[in-house]
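Lettered A, B, C and D in written order, each chain numbered from 1.
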Amino acid sequence: MWKFIHQLASPPHFYRIAQILLPWLYVPGLLLIGYGTYAGLFLAPMDYQQGDAFRIIYVHVPSAYLSMLAYMTMAVSAGIGLIWRIKLSHAVAAAAAPLGAWFTFLALATGSIWGKPMWGTWWEWGDPRLTSELIMLFLYFGYMALRGAIDDTSKADRASAVLALVGAVNVPIIHFSVEWWSSLHQGPTLIKEGGPAMDPGMLYPLLAMILGFTFIFGALLLRRVRAEVLFRERRTRWVKNLVLSGGN
Amino acid sequence: MDLSMGGYGAYVWTCFALAGVVLVVCEWRARLLQRRVYRDIEVRIKALGDS
Amino acid sequence: MSGEDESVGMFSGIAGIARRDLLLAWKRPGDVLNPLFFFAMVAALFPLAVGPSPEQLKLSGPAVLWVAALLSMLLSLNSLFLSDYEDGSLDQMLVSPIPLSALALGKTLAHWLTSGLPLVVVSPVVAITFQMPFSVTGYLMLTLLLGTISLSLLGSVGAALTVGLHRGTALLSLLILPLAMPILIFGARTVSLVASGDGVAGGLYFLAAYAVLTLSFAPFATAAALRISNE
Amino acid sequence: MTAQLSADALTLFRGERCLFQGLSFALNPGELLLLEGRNGTGKTSLMRAIAGLIEFEDGDIHWQGKPVRANRQSFYGSLVWMQHRVGFKADLNLVENLKFEAHLRAQSGQDLDEVLKRLDIDRLKRLPMRSLSAGQQRRVALARMLLSSVPLWLMDEPFTNLDREGRALVMNLTTEHLDRGGMCIMAAHQDVEIGGNVQKIVLQ
């Protein structure tokens, strides 16, 4: 088992295996998203309070969930890279950040569009989730800016890893404090927490979307990590052989 | 099939379209990154030899 | 020739470096005063921009003072490790038997004493111009006291990460501001709550707990960041 | 018996460039290690890497048989480092600077005034560092080494900015330190006349 992990973490192996893995993530991901979109838009029953506008949650919730997942991926792999000095996991952290930022942006945009018919404004500071997402986006920007400011890859890896870990400690605190802050004036919330009360007809498409988005996130992550690995290993024999032989 | 989404069509469709755009952009950016790194290595090898 | 000596200890190291930085601040009072002037000026911008209505100023006072304090702390954080990095003192600190986290803590302590504490002291004067009653001012000082401790500690991590980078100033703000949001939220809201006559214990507990949390992890993160930045 | 300080198969990269590969040495009490080589050959980088400020790509340094990587603090308790940027605060005077140094590492207990007199900087005692010349600042860095009681001296280009008298002083002090059973690693691109046990590494 340990040997297998070690082998996977070796860049040439990872590079090859990731390529083989890609279709196994894309196909189920796209199928799930296809089903989720169709079922979410046309099959799921209408919410009696929000009408058809509630269907926005089928893209909002998965992207909000992914913005968290990407941050966790980033922080955990940065921590692993910092402690065990595994270069591959730094590459994962570097690849996760821009994806996380994009999904955070998507969560913010869809949340804001949802807010217009529901609250009558494009932006409602009273909603803790939107506010947390906004701070999340700033955290991603900070992380990517720090990475961009340091030329030396190994130095950038470790410095941004420290930042990611400090951020990871802070993320729950930020959520908690924003929650407290908005509770002071009884703001509206985007999604009701009533999980069990949700109609299965509404729930299954949502689960399909979340799972599908996660698969696609995995695929995008692998693609980016492959590029990162190629860049970091650009001076090694195997990369040169690969490029000389025109492989991919 | 109610494409107007009970009057909320503009909002709902914009959100789904936006999600599609973001996914496509992410995919495109990832491919672009890979291509760029690959081409840089090619240029390097041509310029400096493969030693 | 003994390698170890009892007189060189962690606490002596913390005290020593804090004393050195205080001495430096004493010889360059501008470094301490400029952020204070900045604080007062930012606070003065708001009444000028919003208008002189006393009701409005009273309402926005806690928020304005807190935002101004946060920005002023950021301003002074930028130079926290810069001169040590430039003149080679940081190298000397790195090869000392004193744990680097202890030295970082000492420097952060000095930073707080020369930037956080003066803000706490000056804040009542600025608060008067926002029509803040004296009963509320006490709470403003208390929240600033707890909040600036966390800001100094959290900021030292950012300062350590950006030391030696070009365009470090803007980057530092970008890194620290989102992390500092909880401090701002609890600091400013707690004062506002006092002003409107509500309970405040929750906010104060949070600020105290957060200060303890940052105290326990920030020095180590700062030390790790310094080693990386100084390569 | 294992050497006090030993390095095996060190490899160091700076950016894309490999500075050296498979470098090994061993140092025992009373010995001097001279690092020679033209500018840009990596003397300073090697020095910084020995001090643990940059990491070797490969290889390990052992202090008293234990890897430095895992026992940083005890290694740092045994060395003092004189580098190009002397590491003093320009706004503080000589005594204030040296007093602060006493918090950073073990002190030999030598009298400060005597040390300063020996280095011929006692009359500069109360001047802020910024008003001292580069050579005088180097002498203060020497005072830091004399005042500390550590066995290993790391000296990066100790002769820069010093006149002939100053250079002789550095050599005398180093010889004395070696005679006391100390060790020294010195990077220099000048002739060094220090008797005794001298090893040389020439970096290309």
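Worth pointing out:
Note that a contact is a pair of C-beta atoms (placed from the backbone, for glycine too) under 8 Å apart; a residue touches a chain by one contact, two chains touch by 3 or more.
Everything quoted here is computed from the prediction, not taken from an experiment.
Taking the CA centroid of chain C as reference, the farthest chain centroid is that of B.
With each centre defined as the average position of its C-alpha atoms, the distance from chain B to chain C rounds to 41 Å. Between the Cα centres of chain A and chain B there is a gap of 15 Å. Computed from the mean C-alpha positions, the centre of chain C lies at a distance of 36 Å from the centre of chain D.
Centroid to centroid, with C-alpha atoms defining each point, chain A and chain C lie 32 Å apart.
In chain D, there is no position where the chain touches two or more neighbouring chains simultaneously. The set of chain C residues that touch two or more partner chains comprises 231. Looking at chain B, no residue sits in touch with two or more other chains. If you sketch which chains touch which, the chains link end to end in a single open path, with no loop closing it. Taken together, the chains touch in the following pairs: A-B, A-C, C-D.
The part of chain A that touches chain C in the complex is made up of residues 82, 135, 138-139, 141-142, 145-146, 149-150, 152, 155, 158-159, 162-163, 165-167, 169-170, 173-174, 176-178, 180-181, 184. Interface residues of chain B facing chain A in the complex, by the touch rule stated above, are 1-2, 5-9, 11-12, 14-16, 18-19, 22-23, 25-27, 29-31, 33-34, 36-38, 40-42, 44-45, 50. Within the complex formed with chain C, the chain D residues making contact are 48, 51-55, 73-74, 76-79, 81, 83-92, 96, 100-107, 149-151, 180-182. Within the complex formed with chain A, the residues of chain C that make contact are 154, 157, 161-162, 165-168, 171, 174-175, 177-179, 181-182, 185-186, 189, 193, 202, 206, 210, 213, 217-218, 221, 224-225, 228-229, 231.
Per the touch definition, chain A reaches chain B in the complex via residues 37, 41-42, 46, 51-53, 55-56, 58-60, 63, 98-99, 102-103, 105-106, 109-110, 113-114, 116-117, 216, 220, 223-224, 226-227, 230-231, 234, 239-240, 243-244, 248.
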